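In the two complexes that follow, chain A is the common piece, with chain B as its partner first and chain C second.
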Partner chain A sequence: MGMEHVWLLPAIPAVLFALMGLFNGLVPRRGDFIVILGMAVVVVLSFLVLLDFQGSFRDGHFAPGDSNLYSFSWVEIDTGVVDDLLLIEFSTFVDGITVLMLAVVSIVTLMVMIYSVGYMRGEVRYGWYFAVLSGFGAAMLMLVVSGNLLLLYLSWEAVGLASYLLIGFYWERQTAAEAAKKAFITTRIGDVGLLIGIILLWRGAGSFDIQEIIHFAEGGGYGETYLTVTMLMLFAGAAGKSAQFPFHVWLPDAMEGPTPVSALIHAATMVVAGVYLVARMMPVFDVALVARDVVLYIGLTTAALGATLGLVTSDIKRVLAYSTVSQLGFMFVALGVGSVTAAMFHLFTHAFFKSLLFLGSGSVIHATEEQVVETLGGLRRKMPATTTLFVIGSLALAGIVPLAGFWSKDEILLVLQDGAGFGPFVILAATAALTAIYTTRLVLLTFFGEPKDQAAYDHAHESPAVMILPMALLALLAVIAGFVALDPVGRALGFTGGIGEVVFTQGHEGHAFKLDATIAIGATVSALAGIVLGFIYWSGTAERAVRARQWSPEFHDLLVNRYYIDHLYQFTIDRVVLGLATVVAYFDRWVVNETGVDGSAQGISFAGYRLKFFQTGRIPNYALAMAIGVIVLALVAVGRT
Partner chain B sequence: MTDNEGYLLLSLPLIPLGAAVLLMFVPSGERTLIRIVTGVASVAMFAISVYVFFAFDYRGEQFQGVLAWPWFENVGFLGDNGVQLKVGVDGIAAPMVLLTGIVILTGTWVSWKQEHRSKDFFILLFVLVAGVYGTFVALDLFFWFLLYETAVLPMYLLIGVWGSGRREYGAMKLMMMLVAASILIFTAIFGIFTEAGLGTFDLPALFDATYDPTFQKIMFPLIVLGCGTLGGIFPLHPWSPDGHAAAPTAVSMLHAGVLMKLGAFGIIRLGFQMMPEGGEFWAPALLTLGIVGALYGAIGALRQTDFKLMTGFSSVSHMGYVFLGLGTLNLIGMSGAVLQMFAHGVMTALFFLLIGALYDQSHDREITHYSGLAKQMPVWAVFFVIAGLASFGLPGLSGFIAEVHIFIGAFRAYPIVGGLAVFTAAITATYLLRMFARTFFGEADPRWSGVGEITWAEKAGATVLSISIFALGLWPAPWIDRIAMGLEMGIPEVLS
Partner chain C sequence: MAGDIPMENFLILSAILFGIGFYGVLARRSAILILVAVELMLAAVTINMVAFAAYLDPERFTGVIFAIFVITVAAAEVGLALGIVLRLFRDRQTAMVDEASDLKW
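After this line comes the complex of A and B, so read on.
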């Protein structure tokens, strides 16, 4: 299994999607095991690709030969007569971040699928659910192996479709249907930018091939303003998919989907596609520094915004969703200072601990059928395994040494300090502390204290092994995934000079991780302080939590109303967009149709009605008209002579 | 494709004509016999259309399957080859023939449940199809226009007799506007005939003739407005929403699916191929009308609450893309325009098929009256979603291939227009997804508990159309090869 066969990875689940989507009724268990086996094969293959990738290093340099490892032309307009060339290829490309993404996507997808066997048992459309999961896996894998921007766009839309279908999985519920619509339209608006950006890149380089575009940009082929606009457009697509401000509104609503879907699509894989895209195009962003700065500040805004909203949200899944929004902001901050390594490393660790947290919340919801944290509590007694695993995930998210989140968050703070100075650094460090606070709140309200809703508590039970085991494996990864940053670990895995040098970077050159004692200690202390603060407010009685709210009612209101951003959008759609549509509809009806078309018809009809009176049929009238005509003609004749 | 295969091209208009004549002798009550005759004829047309499309050699001659029989020559103002019955297809007509085959096949199936004067309905429908096929395969300007009118005129009766809602109004408006537009085409045709001074209506000969640039600049707008009216060009589109709303299912399918393409086809044939310099002069105006129509149709559709009116506005929007693509004057954009003609044809036929299937059961087309339809009609909803996804250009479906060519072409010509065009696709997504969320999903409304799944004929038709949508979306090469070749050979002067 060499890198040139990497197209097999998306092909296997794609075929399974088509087969199981149509024929899941014909196989036992509606084909869930077939889909899971297919994904297990993909996991194995992705490790074979990793091995091949590792083997193609010569003297610390990546030397796989041809950059487009596999390709065939899909659309080709070039017959030589006219100087017009359009070539769209299906081509794959493998480098460090591809290998990384393959591992993340395939492992998390497999774990979520296994978990779903327990979680979705007895649900409607069980077979269709697994088929779409498989389809999603195919699209996501294709997205990360594509070496061509249009193929990437194709997969990008395909994961969006899978997300739409899965958010709206319980479509009988109007809220689910609305959430699916909101997610699709919001990301679609970002995708307008993405497609414009891709075409603008093509317009300069004359190719959709990513490596050729990078080459062209590095050679200064694009004008500065042109490239800035282009990369901002591209970033709009990335921000839409990755739920960055101002597109972040769809992600919390997307929690209407089944919880395993949230773990897979809305935590670990699809929402990081934007991060992946910017990382993939980083050499071009390096030429357009203004656009890169925008990435930084959008990321910073989103990180803070998501973390503050996580503080007051009461739905357990929505807290995690805002947390995801915030953590994606962290990754964009790293990209904004040009560090692909830090961003991809955080993407890697975040995928494991956040999907773990989502699966944990799914376990709670499965057991209690309740997802508002204020009604939960005390679940640790009934669900010890879930509690333990959830706490591990939370500690990783909060960035407690030596769990995965610690290493990657540290790396981001470090590159930020080097790259953007003190201000952004302070904001992000404070956000990291906020992360610890809201995580603590979530854990305390859900699993500790006294049960607030006795019925839900009585209903609770530990989840079956088929759900706990995937969580345990993700928890293991959430513990150890950060260690790859350590040089000895990388060497032990067979990468000379540390795994970080090759796997977490874009292109062919390595980039080493750094560790800074001051930042590491500072971050740990602030995370611990956050946890302590969380304990002070939310452990014990509900009154204390209320008092916390009263600390600043105005700010609390602002947060509960999500900074009024959703309201603003709703207002814009209702009043501005639909208002304009009403104007156009009325214009079409009354001006174009009634006045223009019917009006001219009525005009002619009216003219005919009037003119018919000239035809009276009475001789004297005609005689009079003739007489007048003769006189007029005579006068004209006289006048001319 | 050899010239002898021109007999197949000739059979395309003759089969529906023959079937129509045959139907005249079938007693009205014999519904089985009517179904057999129409079924056999539609399958034959479909099979020949598919064959013609694939047999067309995109490395060969510009016109293939060329056969000619002289009709009038050397009389009066006619010289050699004055008027001939001449058939042949090029790379632009071949996909249109395929489109017609697909739409008439599925349109016939869904019309079988037509109870009211079923025989007369099919006679008129087949005369219309004969006209459509004839226009695509005719290589003589006289017959071209004759058949063009043959395709348009039965529409009046089909809507007026078998339509619904404001059918007299819709039929009358459609007819008045299209006939008025035909006067412009008629004028241009005689202008071209006189200016060429060859005494022949032979199309290839007229393409090769040279026309005075001033003459071209005067005549080109007549073609654009004349044919554009049938194509639904803004602001001559008002017949489209009302006409579609009033027409019976199969007529809507054929009309939006194929007849509107006839308008765009006329602009290419009589406009760009005949008068390239006029085309170059007026292209910016065509492009402007295209993008305005695309945006206008999409924004207007946001507010429509009638399924068919919404699809009618959507058609105006999508045909706007076609004119936009033609106005880019480069091979990529113009190929996109022809691709869009095909893509919009199958997609909109599917839309109208499904809307008709619902309306036949519920007799209500008001979108806001429905909720949770996917519960009662899951298969129907799946097909509708496929058509919708194709409509807003989801990659892997037909709409994307066409739109991406148009976008790229537009960006080559005028980046701002390209940006607006991409934005329009987002509006399209908005109105369709809003409708899905409100109408298909959510709780099932007990009012419609009597509404059941669509019939087998409708499922079969929807399947054929969906396969076409996927085929073009996933493997567009056969279309692109033919279209690019047709444009390169047809309008080399225009392409920059």
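After this line comes the complex of A and C, so read on.
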């Protein structure tokens, strides 16, 4: 099982999706164990790929020859545009980013599937749920192994479809159906940009192959403005999928789906597809520095926006959703200063602790059937295991030594300070402190203090082992995943230089991890300060928080109303889109239909009504007309000779 | 044979016959008389063809054969047409063609 056989990884769950989607009624337990076994095989295979990847290093450099490529001609069309041949290849490509994504996607998918056995027990469409999870896994794995942009776009849409299906899983509920539509349409707006970007890249390079495009761009093949526009288009797609400002509005609503789905798709895997895309195309972004700066500032805006909104949201899953938006912003900030390593490292650690947090919140919802934090509280006495695991995840998110989040967040702050200077650094550091505050708030309101809703509290119970075990494993990863950054650990795993060597794009050496003492201490202090602040405001009955609300009601309103961005979009849709639709409908009804279609029919009908009086019904008239016609023809014939 | 008579005489006769027939078709109301007029026009055409055959291409019989064909077809046509006229008369006790205008709008 080498890197050239990596197409097997998406193939297995794809086949299971087709089989289980159609025939889940024919197997015991609606086939959940088959899907889980398939994903377990994928996890094993992805580790085999990792081993083969490790074996491809020569003198500390990734030198696979062609063994990391696999391709065959898929479509050939004569176009007359570039080289007269449009060649679409089915191709896979493996490098450090791919290996890392494969590990993250397969492990988290497997954990979420196992957890779902407990969480979704007795739900409607149980078999279909597992089939779609498998389908999502296939699409996501395909996305990260595809070696050309068209295949990537195909998988990109496929994960969007799976996301749509799973957000709207409870489609009997109006809000779920609308959330699914909102997610699909919002990401779709970005996807149009992505498609335009792909076409523009192809127009220059004459190929969809990512490595060829990178080569072409580095050789200066694209004009500067052309490339900037192209990469911004591409980034629009990435921002849509990764819920970056101004496309971030869909992610909190996507929480209408089952909680394990939120953990898998809307925390660990699909939403990082945008990060993956930008990381994959980073050598091209390095040529288009203006576009890269846009990535940086969009990421910075989103990080701050998500963190502030996390402070006031009361739905436990929505808090985590805004946290995800914010953390994705962190990753884009790292990409914005050109550090693929830092971004992918944060993606790696974030996937584990954030999916852990989501699964923990799922455990709470499963136990209490309540997800508004103001009605929870005191759950630590009823759910000790969930509480412990949730706190571990929260500490990792807040960035406390030595949990995973600490290492990756530090790395981002470090590259930001080196790459973009003091201003952005301060904003991001403040955002990191905010992260600690809203995380503390969430933990305190949910698990500590006194229960606010006695009925929900009495209903609560610890979740079954099938849910706790995957969470425990993710918690373990959330604790240790950060250590791979350390040089000794990296060397022990067989990578010189730690993960910094693992994650790089061809031709661009990754840099080894540095641990800047000043930043590390500063970040720890600010995270601890954030936690202390959280304790001051939200411990007990949270009276200080209530008083803080009155300190500036306007600001609180602004946050509660999500900066009025959703309102603005709704207003735009109501006034501009629906207004335009009215005009178009009017045009269609009166111009196209009444005048064009009905009008011509009525004209002909009227003409027939008038013209029919030429028919006298008297045979001599017809004969005379015929005779006159013959005579005229004869005269014409004579006249011509 | 007809060596002394110039061809034009035959053509003039033919034209006069055709004119009479044509007038008959246009002016008569009775279906029977219209049929008779049509026969006159056919006879005119036949004379035309025989005349051309005799004067312009005496070696071959193309025009004469055509004349025989026209006579045969005319006979068949009269059989058919008289059948139609008979049906018309049975249907409405008249053979006047301007009475049969049911299909006019």
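We take it that the second predicted complex is superposed on the first by the 574 of 641 C-alpha atoms of A that agree within 3 Å, B and C clash if a C-alpha of one lies under 4 Å from a C-alpha of the other, contacts with A are read in each partner's own complex, and residues count from 1 in each chain.
Just so it is clear, contacts are C-beta pairs under 8 Å (C-beta built on N, C-alpha and C of every residue); 3 or more make two chains touch, one makes a residue touch a chain.
Nothing here was measured: the structure is a model prediction, and the numbers come from that model.
Shared-chain residue A:617: touches chain C; no touch with chain B. Once chain A of one complex is fitted onto chain A of the other, the partner contacts of A:627 are limited to chain C, with no touch recorded for chain B.
In the superposed pair of complexes, A:597 makes contact with chain B only, with no contact to chain C. Once chain A of one complex is fitted onto chain A of the other, the partner contacts of A:584 are limited to chain B, with no touch recorded for chain C.
Set side by side, chain B and chain C differ in how many residues of chain A they touch, and the one touching more is B.
By the document's definition of touching, of the two partners only chain B reaches A:185; chain C does not. By the touch criterion defined above, A:426 reaches neither chain B nor chain C. Comparing which residues of chain A touch chain B with which touch chain C, the overlap is empty.
For chain B in complex with chain A, the touching residues are 173, 176-177, 235, 237-239, 241-242, 296, 299-300, 302-304, 313, 330-332, 335, 372, 374-375, 389, 392, 394-396, 400-401, 404-405, 407-408, 411-412, 415, 418-419, 422-423, 425-426, 429-430, 433-434, 436-437, 440-444, 476-477, 480, 484-485, 488-489, 492, 495-496.
On the chain C side of its complex with chain A, the touching residues are 22, 25-27, 34, 97-98, 101-105.
Residues 74-77, 79, 81-82, 84, 86, 150, 153-154, 157-158, 161, 168, 171-174, 176-178, 180-181, 184-185, 188-189, 191-192, 195-196, 199-200, 202-203, 577-578, 580-582, 584-585, 588, 592-593, 596-598, 601 of chain A are the ones that touch chain B when the two sit in their complex.
Listing the residues of chain A that touch chain C in their complex gives 612-613, 615-620, 623-624, 627.
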